[in-house]
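Notes for the one structure printed next.
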């Protein structure tokens, strides 16, 4: 089979899984939907490997294959094919997405077991994967936008999965609307491309762009910035990031899926996919890189202060995606995509471990309440620490090699790009610190009550409450499930976490400077023509960078060790001393409030104004004015109708007098 | 075939008047079904490549006025006809299944619905200007009675307001139509109202301008467009839901359709002259409708204002004066009709459970009614023009047209898309999600409602998978209309250049 | 001589007219009208309209005015109250009447029609005599003549309908007609 | 002294002869003894027979173009059409009056045929005026038409309002007649002839734009506008329509307009045709004022007859447009509109008459409440009549307005077409109100069910008559709709 | 004597009659005033008949006399009927119909 056929299968399987679960929901007992969902993604993964192998049969410069199912819309000069583009980048993304998703599905299979919406969950989950695959396989802008929006919708559905929680539904809405803003950006980018190049097709437009545009032409910059709007919205970059922390309202596996395999990485993929445009508009690329840098720093600082376990991980995602965006924007395509892969492993792992811990805490997510789970949950604790190590880019782990590839590249480009390298290293310190803020707070220290209970073999139970507001959950419906599932007791969770842990530790070995370069060789099929792709730091420089990065990571970890293990409480004192700074960080730099004040409130106020003033006085005023005029005239006419016959005679004679004057005037 | 299509609803309505009360609803439903079948046959018979009208019926009617009974379809109207027939069937069947209205007025109801059906189909098929005006106005009469007799609170005031409002425009249109024919006869020497014939003799710029304004007034009120939508809130509040479906889904389209059918081909110079004015009105409708939908709490009004916004988009597309924009507008007309119909059915279903139309007092329906929730979700997503839906393709085409002709307007219009996402989802969430309020019940959609709603949603999904179905067939005709305007534009530029 | 006759007639006609509208008692008004009519008949004579003048005296001043007098006597003379139902009508009305007069006068003065400014063309003998009028009536204006007779008939019928007392008691209640007094509804 | 008897075309004159003879016969038939009912049957037979004969003769003469009686009258299609409308409305009015209480009282006229005779006399006047070819027959026919109407309006002697309407109509009517006469005198003076053809010749050559002629036209226009209830000479209309017995109102609202518009066309479009440029703007202004005044005046009226009175002011304004257009299409539009107006207005008045007897609310709009439930057929008739009066599509009123607007555009009076449209918009407010009362129950409470007991008692007796009426109305209105 | 003198007189009479209709309240007197107006018309007709030199105006005047008589008869009939119904003979009092 050809690579494109495999790819169609990759697309079809998750969609089929989603539909089968949705329509057969009622007939499926127990964990059947979960198994179907997992199996379909696993098969999709297998097909992705099939596509990979098929693609590898082609010579490097012929690895961009397109195929179309049918003409989706072809009128008025706009030709839109339902077509895919299978190239190394797409296949790479497929592998990441399906691979990680398979494990997340496997984990969810057990984790979501007692939830009332079990089947619905897997249906959404499969749809999510399908959407993401559509996004990465899309061969033109329109299909890309479709996939893009589907991802947005799927995230909405999953974030507000527990839809009886008002916080969840609000968070879902936020995610969706911000994503729609991103969609609009992409739509307009597509319009610009169509206007200038006359096509929506990726490969055609890339080819045409090189012939049409000059470097840093206004249109190219506009296209790139609009693409960036889409990318930033999806990848939660400043200032479109506020939905991401709120997205933690969804079940934990959803967070894993959003943060690791799908969705947030889409922005990275998009910029990498659009490299011909970005290389023609380097100014825009630099802007994107700066945004990435800003995001990574902002998110890292916030992650230092927030106390919700999942939100810390969420901010870490933002920060890490910031690295990737920065990477692909400055041209470190392999570095960015490599980091995407590594991040997928350890972030999924972190969320799974966190999910296990939260289950043990009976849905309490406050990190301040957690402590000393190392004995109660040895497996979870071990894998949590592995995840933290990888996140902290501890030497040897996957995070280590990938992050430093980007920073070394930045340093190698020199000049202004040193800013990115230095900023990246500063971020790395913070990352290592907050990574182990999680690890140490959860694993070490005296066991908390829940941990003690678990040590006695009993999972803590509490009345289900909304972790965000503390209000009791809707008892009638009773989900999220009253039963909690921890990794220690569920083999699917264990398998999934173990596999991820393995990857988090060792996947970095795919691309070690001077040793091997599997990824860059493979991705060359996509980026071959890019001059930036061929910039490669020397092995020596790379290892120097690795050394710096490794030591920085160790410093961060040690700092965390001091603050949370050696001398616990020092952070509290720091927070009190710099109360305003802490509040600033704790409130996430007040971005929510800012957007609220700048966007939401003005819109609502406009609406209220329109409703209460404009509609009443202008729109109805037009009506009232017209009817008032007519009615007024009516009352004048009726008033003249006095019933007095002499009055009528008066008008008659008066009317004649007027008529007579007219006729005398027209007479000669 | 068009004759059968056109008169079957009325005939069924008349029979429904004659048969016993219990049978009348089934007679009406059968009539609507026949209409639908004919409409499907019409589409199947349609030749997408051919230019001009198809299935033409052309008889002399009022010879001394040059009025002809001239019907025909082209790529613009053929799917609007199908959509109308389908929604008419859906609404009739729905009412019949629900046995509404159950009392002695049922006969009247089905008669009026049939009459309205004939009028609406007539407006979409008429190719004689006067016939078009006649059907256009005739539509109002059954709606006046339907709302006034079967409606809710304040129905009489609401229905009177609606009819007076809309007639203000359409009576001016009548004058405009007559003036068009008479003035054209001064040029050509032959008095005719036939649109294809009138296209051959265009009026002078000055005459085109004022006549265009008269027509535009009629169409914009009907849609309705900001700021002349004053009749809409009251009418939407008072209308019974089946009637509201027809009102919102079909009647509003006649206005937009009128621009394509009449204004562009007959008044190309005026169209160019007023392009920006109309576009600004449309844009204001988009923004105003969206912002209002964003703040309404009555679910009918959310849909109502969102319709204003959607119709604004459609108008924008038409007045981009580009093939893609106008073709997208045609597609979007069908899409919007289907979606609005579905949403109103859902509103009726939900109302039966919650006894309220205020979204603040709703919620939590999804748990016990997952199928209903899923259907509604599809509708809500289509309403917000989710990429992947046909609505998206429609808006994409429209926006592309606007973008290529007036780039700034396209950017401003996009605000409407973002707001649409918000209000559509808000509507969905407030109905289906969050907690079930006290006093409301929640149960799955019934078979009778499902029988109507499910095919509608299926149609939406099907169109989403292949919007080319409509776009391809619309393209040829739309190109004709738009190129007529472009020709006039070129001519004007030529004149300027020569000077 | 003609001038004297004209002014005498004009003063009589105008004086009579003013008396009609100025006198408070309807009875006197009727008498004033008779003066007016007779003066007018004189003017008709000056205009060579003998037959009309005669008819004016006989039919009008004679028959019709008698009818008036009877009715005036029947309903009695009533003094009119001063209060005005429409404020200012007393002042506006003469103004409008004056406007009427001025407009018509302008037309009469402003016309370019020469014959108005003369005594009229030379006319043959017998102009306005009963014979020539009668011939016109029976030849060219036969229809008008017949119609006028119908008019008189129907006016008589109308007067009976309005003012006649019910003489025939037979119709008070016949079989088949429910003689229930339903009362006036309006 | 030689006497040349005029050449009389008896065929052409036959309708008028039939009416005259019938009038006398009807009066004589009234002398037949017997019960009131029998009298009624006899005189109605004669009355309707007369009308039928006249109508038949007119139809027989269709297509004829004849000058009758030394050119005093002219029989042509215009005359025949408007005469037929007048006759039809009279024929409609007689059955309507059968149970009219005003004519059934000891104090009112008995069934000696006076009512029928007066109506026929009025029709005679209308038929004559439609054919009039000189000022004298024009004026005398106008009086022949009017004087019976004065009597008929005041004939419901028991009602003060009827007498009031009679007196008002008489005073204002005579004022109008006097004005008209004065105007005709000036036209005669200026043109030197009383024949329309002679006037046309004179106006076309010597006296065009002469002030004498102009003031004559002004005076005559005032008088005619009064008869047609064109604003600002309309003020008698609502009062008289409301006060007069309903069948009479129905008759005069339709028939008078048909006849007087016919003579208006002859007088202005034919006799004064050469001076069209002078009078067109004036008549156009009158039409516009009439449309506005009539329509706004009808708003908020509770008496249906009064409402229709104002509405007829507006309708007269619409019709006037046809004269202003001064073209063949204008006149044919006018005739079509009058025919349509006759159908719809008669239907409306018939329904009002029925409800006056049934509901106990008189002609108040409340009498229409619940009509849809009690008598769906009647309700439908009224509805169609109202829609047609409003000129909504699918009705004859719509087509009529269509023709009128077309005529305005052709005559370069497009703004009058717009006025028609504007007037129609305003008119919807009151026409639809009637329909709303018929079909739509108010929100708060059900319509008061309490019909006076008396109506229940009378219903049986009325059944047969009103049943027949209903069918008639329905037939008429469907005709109106189908046209 | 010029015919225009008669015409001016007739205009004066017509205006007087109209004025009377406008200011008098007794229906009887109003009828008299209407007679005045008709007679003014007659004077005009006869004068024009003289100036035009044909007798049509005189015939017209004759017909007008008949008409005037008929109007008087009907008018008086109405007055009598009202008197019998005890309705005040004052047109300002008769205003039940209005609005």
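Going by the order they are written in, the chains are A, B, C, D and E; count residues from 1 in each one.
Going forward, contacts are C-beta pairs under 8 Å (C-beta built on N, C-alpha and C of every residue); 3 or more make two chains touch, one makes a residue touch a chain.
Small disclaimer: the values here were computed from a predicted structure and weren't measured.
Q: Which chains, if any, touch chain A and chain B both?
A: Correct list: D.
Q: Mind listing the chains that sit against chain A and also against chain D?
A: Touches both chain A and chain D: B, C, E.
Q: Let me check something: if the centre of a chain is the mean of its CA atoms, which chain is farthest from chain D?
A: Following the centroid criterion, the farthest chain would be A.
Q: Chain pair with the most contact pairs?
A: That would be the chain pair C-E.
Q: In terms of CA centres, which chain lies closest to the overall middle?
A: Looking at where each chain's C-alpha mean falls, the closest to the middle is B.
Q: Look at all chain centres (mean of CA atoms) and spot the one farthest from the centre of chain C.
A: Comparing chain centres, A lies farthest from chain C.
Q: Approximately how many whole Å separate the CA-defined centres of chain B and chain D?
A: 43
Q: So what's the Cα centroid distance for chain D and chain E, whole Å?
A: 25
Q: Quick check: how many Å separate the C-alpha centres of chain A and chain E?
A: From the centre of chain A to the centre of chain E is 96 Å.
Q: If you average the Cα atoms of chain C and of chain D to get two centres, how far apart are those centres in Å?
A: 27
Q: Give the residues of chain B that touch two or more other chains, as numbers and ranges in rising order.
A: Within chain B, no residue contacts more than one other chain.
Q: Spell out, as numbers or ranges, the residues of chain E touching 2 or more other chains.
A: Residues 7, 14, 17-18, 21-23, 25, 31, 47, 51-52, 56, 59, 63, 66-67, 70-71, 74, 77-79, 81, 91-92, 94-99.
Q: At least two other chains touched by the same residue of chain D: list those residues.
A: 136, 140, 143, 147, 150-151, 154, 157, 161, 166-168, 171, 175, 179, 186, 189, 210-211, 214-215, 218, 238-239, 429
Q: Please list, in label order, each pair of chains that touches.
A: Applying the touch criterion to every chain pair yields A-B, A-C, A-D, A-E, B-D, C-D, C-E, D-E.
Q: Within their complex, state which residues of chain D touch chain C.
A: On the chain D side, the touching residues are 1, 3-6, 20, 23, 27, 33-39, 68-73, 101, 104, 106-107, 109-112, 114, 117-118, 121, 124-125, 128, 134, 136-137, 140-141, 143-144, 147-148, 150-151, 154-155, 157-159, 161, 166, 186, 189-190, 207, 210-212, 214-215, 218, 356, 360, 362-363, 454, 457-458, 461.
Q: Across the complex, what residues on chain E touch chain A?
A: 18, 21-23, 25, 91-92, 94-99
Q: Which of the residues in chain C come into contact with chain E in the complex?
A: Residues in contact with chain E: 2-3, 6, 10, 13-14, 17-18, 20-21, 26, 29-30, 33, 36-37, 40, 43-44, 46-49, 51-52, 55-56, 59-60, 63-64, 67-68, 71-72, 74-75, 78, 80-81, 85, 89-90, 92-94, 96-98, 100-101, 104-105, 108-109, 113, 115-123, 127-128, 132-133, 136-137, 140-141, 144-145, 148, 151-152, 154-156, 158-163.
Q: Going by the contact rule set out above, which residues of chain D touch chain A in the complex?
A: Residue list for chain D touching chain A: 167-168, 171-172, 175-176, 179, 209-211, 213-215, 217-219, 221-222, 225-226, 232-233, 235-236, 238-239, 278-279, 281-282, 286, 292-293, 296-300, 426, 429.
Q: Contact residues on chain A for chain C in the complex?
A: 642, 644, 646-647, 650, 653-654, 656-657, 660-661, 664, 667-668
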